[in-house]
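Think of it as A, B, C and D in the order they're written, each chain with its own count starting at 1.
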Amino acid sequence: MKNWGFKISKPRVLDFDTANLDAYNRLIEKVPSAHRCLMCGACTATCTANLHTTFNFRNCHLMFRRGQFEGLAEELDKCMLCGKCKLVCPRGVNTRAIIYNLRIVLSDLNYKKIEL
Amino acid sequence: MDKKVLIIGGGPAGIETAYSLALQDVKVVMIEKDANVCGNIQNWEKLFPDFKDAEEVRKILSQKLNHPNIEVITNTEIKNLYPQGNLWFAKNDDERIFEANAALLATGFEVFDAKRKEELGYGIYDNVITSADFEKMYKSRKILTAEGRVPQRIAFLNCVGSRDEKVGNHYCSRVCCINAVKQAIEFKELVPDAKAYCFYMDMRMAGQFYEELYRKSQEKYGVTYIRGRTSEAAVTRDNRIQIKAEDTLSALPMKMTVDLLVLMVGIEASAGTTLLSEQNDVLGLYGFAKPLGLYSEDNMTTKPGLFLAGTCKRPLTLPETLADARSAATDIIKYLKTTK
Amino acid sequence: MNFHPFILPFSLGAIVLFAIIIYKYVSWIKKLDRKQKYFVNKNMFTFKTIQATGEVIREALIHRNIYKKNPVLGYMHMSLAFGWFLLIVVGKTESSFYAGTFFEEPWLAIFFRYFAREPHEYFMATQFTFIMDFLLLVVLSGVLLAIIKRMRSKFMGMKKATKHSTFDRIALSALWWIFPLRLLAESTTAAITGNGGFLTGSLGNLMSGLPVQALELPLWWAYSTVLFAFFVALPFSRYMHIPTEVILIFLRKWGATAGEQYSGLSDIQINACSRCGICIDACQLNFAADINNVQSVYFIRDTRYHNLTDDIANNCLLCGRCTEACPVGIETTLIRQQMRNKAEIPGKHYYDYADVPDCNSKPEVVYFAGCMSHLTPSIIISMKKIFDAAGVKYWFMDEEKGLCCGRPMRQQGFVQQSKDLISKNMRMIHSSGAKVLVTSCPICYKSFRDEYVLEIPVLHHTEYIEKLIDSGKLELKNSGKSIVYHDPCELGRGCNVYDAPRAVLKEIGELRTSELEKENSLCCGGSLSNSVIDLATQTKIRDHGLEVLTASKPDILATACPLCKKSLVHGNKVIVKDIAEIVAVNIVNKKQPKKVQTAKNMNEFEVSYK
Amino acid sequence: MNTIKKHFWNEYQKEIANDNYYYERSCIRQSFFPGSETAFLKILRDELGKKIIDDQHQHTCTGIGYHSDIVQFDTTMTICARLFSLMSDNELKNFVPSCVTSFGVFTEVVETWNQFPEELEKTRKFLREATGREFKIPENIAHPSDIIYKYRKELKQKMKYQLVNHKTGKPLRVVEHTGCHYGKIFSHHAVGGAEFPQVLAGMIEEWGGEVIDYPERRHCCGFGFRQYLVMANRGYSVANTKKKFESMEEYKPDFVLTNCPGCTMFMDRWQYTIAEMEGKTYDDNGMGIPVLTYEELAGLLLGYNPWDLGLQVHQVQSESLLDKIGIAYDPADKFIGKSGKFIGIPEKPEILKVDYDG
C-alpha cells in the first residue's frame, strides 16, 4: 500500500440515509421504555463512573439511536451497572437494561470482538 | 334568583366564581379551610410575567367578597360532599352541614413536597429551598443563605415533582418554567453581580409575554440556562450545595457549587381536591378532579349540580384560573335556571 | 424359572433407566467445580454422610419439608414415594422368601402375584400379602390425590400448578396408570387363583362375574408396559428429580454450594427440581404483577432443556423468596446469575480509569455508603451523626470517589467486571487499616460478605448500631412512634440479618409486625436485578408490598436499604425512613467529649464479632 | 429543470463581450490539460472568427497564493493591474481569464475598486512605482466558458457530433460542475447565479445532453486551496470530492463537465486517489467517470482529434465516452505527441482501470 501521508477524512455529518437505524429497534424490543427518553441527562449526572472518568450514558444511548456505533462498546465498558441512573430517570426508562442490552446488541453487530 | 350555591375553596377560582354568581343574584356560601381567603397566591409576592404585586390582586379579589350575596365561612374544612335529591350537602368534621342547589369544587392545588425528591436534599441541607420559600424570602427583598450571606451563585432547578414518573406525576405543571425566569430576574435585580443558573429539560414559554421575559432574562440579566436535569445535590464543607447535572448540549457531565439551590416545585392536586373528587366519582388522573369533557363541558362533572373551577382540574396559571372561574359561573347559572 | 414374555418391557425399561442415571451421575460429578470437589473429598467419609442418609429418608421418602409447607401435598408425595419404596422393599423380601434365595429372578418381585399362583407355604405368606395390599392402597390414595391436584390445584392450597412438557405428560400418565393396573392385574389373578389379600382378593371376588381368564394376561402386559413407559420417560421428565434429589442431599451435606460459574452442581440442582410449582406461588411477579411464565420452575426447566431465553433469565427480582420456599433447596437465584449473560471477556481490566484514593487517616471504621445511598443523603448524614455521637473515628470510603461494590455486575452475570471492582475496593478497604467495615447498602453488604476476601469483619449499619447500643456507646430515647420494619431482600434472605434491625427499632419505638416478615418478607419492587420489567410493573409490586406493610397503619415504615427506601417513598403512602435516620434523631446527647477510642475498647469490639 | 428554477436563474444574466478579447491564461491548466486553452483559441478564431490576443507577457493573477493566505490583497490588486495594463497595451477592453480562480480574483479586484476608489488610487500608485505602467479597468470580464455559452448555438451548427449515445439514441447524462469562484463570490457576474449556474448546463442541453441534478451539485470539488496544499488538511480535501461522487454515483453519469482548472484536476485525479485508498470507483466498470473541460467537449463535438485535445493526459481515460458519442480515434496515436515523437506511457494504477499498459 502506498503511503499517502494522509487519509480520507471521515464525514462528521450524521447521515440518516445510510446510518444503521434498525439496530435501535432491537434495543426497543428488549427495553421498550427506551423510547421514552427525553435526553435530560439526569442519568449522566448521577453516574458513579463519572466520579473517575467521563462517561455519558445519555450520549451513548443517543449515538446508538442514531446508528453511530464507533467506540461505543468500549465506552459502555466503563459502566458498573450500579443502577443509580435508573433511579433518577424522570421518564421511568430502564437505563440499566439499556446498557446491558446494548452490550449484547453491539457484540452481535461485531463492533466488539469477543476474545476468548 | 332564589337559589344558593356552595363554593368549596376560597382561592382565586372560588372568589371569582362567587362574585360572578353574586352579580347574577345567586346566593353564595364560600367555605375556606384556612383562616384567610385567596389560597396559594397568599404565598406569592409578585406575579409573572408582568411582576404585578400579588397584594394588589389579593386586594381586588378580597373586595369582591364584600358583595352582599356572598357569605364567607373560613376555618372550615369540608370532609364530606354529597348530593341528595336536587340538593348538595357539605359537612365538616364538626358535622356542620351546608346545603345548596349546586356545589362548586374550587379546592385548588398544593405545591409538590420537595422532600419526596430526597436526592435534591430539601429538608436535609440548609441551603436548598423551594420556589415557594424563595417567594417568602422575596417579600422582605432579602434572598440570603441559611448563614445570612448574600448568595453569589444561585441555581434554579425546573421540573421538581413535575414530569417525573418516579413520583407518579407525568404531567407538566405549566407555571414553573416562567416562574423560574421571574425569580431569576428578581434575584438578579437584588444581586446584580451574582450568577444565576437555570437547569431545565425543556423551557416551556407558551404564555403571552413569556418568551419575551425569557429573552429579557438572558439579554438584560444574563441568566444562564443549562439544558440538563439535575439529579443529585450534596453539601460541601462550607455548607454550599454541589449539584450534578449533564450539560446535555455539550454532552458533558457537569458539577456546580452554588450558594443557594431553588427547587421549582410543581403543582399537585390538593388533599381536599382528591378527597372530594373521590367521594363523588369524579377523580381523574394524579388526584385531580375530572371534568365532564375537555371543551364546552370543562366546568361540569358527571354529577348534575357539581361543578369544577381552577386548579382542582389541572395546573393552570392565575389568569387562566380566573377565566375558568367565570366560565364556571355561566354554567352554574344555566344549571340553576333549568333545575328546580 | 418364573418367566413370561410380559416381563420384557419392564426389564428393558429398568435397564435403560439405570444406564441413563448412572451416565448422568458420572457426568455431573465430573463437572463439579474445584471447590465443590474439595468439599466432597473432605467430607465424604465423615458423620455428614450418615446425616445425609437420614435426610434422604426424611426428604426423598417421607417429604418432611413439603409436608411442613402443605400437609396434603406432603402426604401425596409421601404416599407415592415412601409407599412405592416399601412396596419394592417388602415385595423383594416376599419374593426372596418365596423363592428361597435372595438371588431369585429380578422381576419376580414386581410380578410376584402372577408367578406365585397357588397360595404357597412360604414364610409369613398371609402377613406379606396383607402388608403388600395395604401398601398398594396407600400408594393408590396418593395417586388419587395427584389426579385431584392436577384437576383442581386450589384443592391442594396451591394457586398455580406448573405447566407440563411432553415427557412430563408421558411419565405422569404412566405413573397414574401403574398402580391401578397393578391392582387390576393382581385382582384378576386373585380371582383366578385366590392368592389375593384384603384388597386384591376382595376386588377379585367382585370381578368373578367377568371373563377373568381372558383379562389376566392383557392386564399384566399393560402393567409391564406402563412401567416401561415410566422408566424410559423418567430421565427426560421432571421425575428425574427422584434419583437426583438423593445425590443433591449428599452433596449439600458435604458442603458443596453453587459457585459463580455453572457447574455439575448446577446441573444436579436443576435436575432435582420436581416442578412442584411452590416457587410460582412465592413469586411476587406472579401474585402482584401477574407475570407467571418466568418463575424459577420455568427458568430451571428451560435451562435443563437448553432453551432458556434472555427474557426469562433476566425477568427476576432475585429477591430470593423462591429459594426460601423451595422444598428441595435449589439455589435458584444463584443459578439464575450463572445463566445470565455469557458474553464476557476474561482477563480484561474494565475499570482501569478508576483512580481510587488510599486512606490517609487511621480510622477505626471504614464506612461504605454505597452508590444508592448517595441518592438518599439523609441516610449518609444520619450515619455521620451516629458515628460522631458514638465517638467513632471513621473513614467515609466512597464519599468523593467511590466505586460500585461489584454485585450489580455479578447479578447480571458479568463476573469478570465484578472481580475487577472487588479487587479495587478491597485495596481501598485494606489501605485504611480499620477494624471493621460498615455499609448502609444491603446489596454491597451481601457482596462484601460473600464475594470479598476481607481481613476485617463487615457489618450492615443496623448491626453496627446494635453493637454501639450494646456496648453503651450510643444511647437512644424511645420516640414512642409505631414502626413497621420492611426486611430488604439482600439483608434478610440474602444475609440472614433479621434480628439486629428489630432490636434497634425496639429501642426507639413500638415495633409492629406485618403479615409477611423475615424469610417471607416482600421485595419493594425496586430491585435492580430485573432488567425486563418496566416501572409500571415495579410500581404494582411496590404498591402491593406497601399494602401489606402498612396494614397496621404505623407512624413510620422503617427499612434498612437505600433502594427500598427510594422505592417505598415514591409510593407516597406512609413516612418511610431508614433505621439510621430514626436512630439519628433519637440520640440522647450524653454531652461527653469526643474521645479517641482506646486500643482496649477496640479489642472488645473485635471479639464480639468473631 | 422545472419552471420555477428556470424562472429563478433567468434573473441572473450577464453581459458577455462580442469580440476583441484579451486572453489571460491559467497557471496550471497548461500543464494539467494542455489541449484545452489551445482548443479554445482555435474555436474562437477558426470556428467563430473572433479576435483574441494570447499575450506572451502575461503572468499569474496570484489566485492560488492569495487564497492560500500567502499573498496580500494589495499585491494581488497590483499584479492584476499589470495584467490590465497589458490588455490596454493591446488596446483591448474585454478581459478573458482562462481560470475560474482568476475570474474570481479579477472580479473581486474590480468590484473592490468600484466600491472603494481609494484602493484603485493606491493600486495605480503601486503599479506606477513598481513598473511605471498605467492601466484601464476592463469594460467586460468574461470567463471563456461564458463565451462558449454565448455562442453555443452557433457552434452547434458546426458540430459533427452530438451529446447522444449514437447506439441507443439517448442523450448522454452529464454532471456539470462550475467552479465555486465562478458564481459563488459575485452571483450577478455568473450566468444563472450561484444557485443555478447555467453556463455549463446551457452547453450540455444545447448540444443534446441531459444535465443531472444531484443533491451535492453545488458542493465544492474538494480543492479548497489550503485544504489541499497543506498535507495535514488533504484528507479533508479528498473527503469533499468523495462526498460529491457518492452523491452523483447513483445517477450513473457518463462524464463530468467542468469550467475550472482546480475542479477538473481534483475531480479527475482524486478519483484515482480514492480508488487506490479505498478500492472504490463511482462507475460500473472500475475505470472512473471521465472529467472534461468545456473546451475539450466543444472540440470533441466539433470533430477535433481527441489526442490533440490532450485527453490522454487525463487520469480517468475517456475512450468509453468517445465510443458512446461515436467519435473516431486512433488508439495507436494516443501517446504520440504533436511533434510526432512518442511521449511515454504513464504508470499504470493498481486499482483504477485504464486502457493502456504502462
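Definition applied: contacts are C-beta pairs under 8 Å (C-beta built on N, C-alpha and C of every residue); 3 or more make two chains touch, one makes a residue touch a chain.
Nothing here was measured: the structure is a model prediction, and the numbers come from that model.
Asker: Could you work out which chain's C-alpha centre is the most distant one from the centre of chain D?
Answerer: Result for the farthest chain: C.
Asker: Going by C-alpha centres, which chain would you call the most central?
Answerer: A
Asker: Could you give the separation in Å between the centres of chain A and chain B, each centre being the mean of its C-alpha atoms?
Answerer: 39
Asker: What's the distance between the Cα centroids of chain C and chain D, rounded to whole Å?
Answerer: Between these chains, centre-to-centre, one finds 83 Å.
Asker: How many angstrom between the C-alpha centroids of chain D and chain B?
Answerer: Between these chains, centre-to-centre, one finds 70 Å.
Asker: From the mean C-alpha coordinate of chain A to that of chain D, what's the distance rounded to whole Å?
Answerer: Distance between chain centres: 47 Å.
Asker: Can you list the residues of chain A that touch 2 or more other chains?
Answerer: 46, 87-88, 92
Asker: Can you list every residue of chain B that touches 2 or more other chains, as numbers and ranges?
Answerer: 119, 165-166, 232
Asker: What chain-chain pairs meet the touch criterion?
Answerer: So the chains that touch one another pair up as A-B, A-C, A-D, B-C.
Asker: Which of the residues in chain A come into contact with chain D in the complex?
Answerer: Touching chain D from chain A are residues 2, 4-11.
Asker: Write out the stretch or stretches of chain D touching chain A in their complex.
Answerer: 231-232, 234-236, 238-239, 242-243, 273-274, 276-278
Asker: What residues on chain B touch chain A, complex-wise?
Answerer: Those in contact with chain A are residues 119, 159, 163-166, 201-202, 227-232, 244-248, 251-254.
Asker: So in the complex, the part of chain A that touches chain B is made up of which residues?
Answerer: Contacts found on chain A: 38-47, 50, 54-56, 58-59, 87-92.
Asker: How about chain C: which of its residues touch chain A in the complex?
Answerer: Its residues touching chain A are 310-311, 314, 341, 343, 345-346, 348, 350-351, 353-356, 371-372, 374-375, 400-404, 406, 408-409, 412, 414, 417, 421, 526, 528, 531-532, 534-536, 563, 566.
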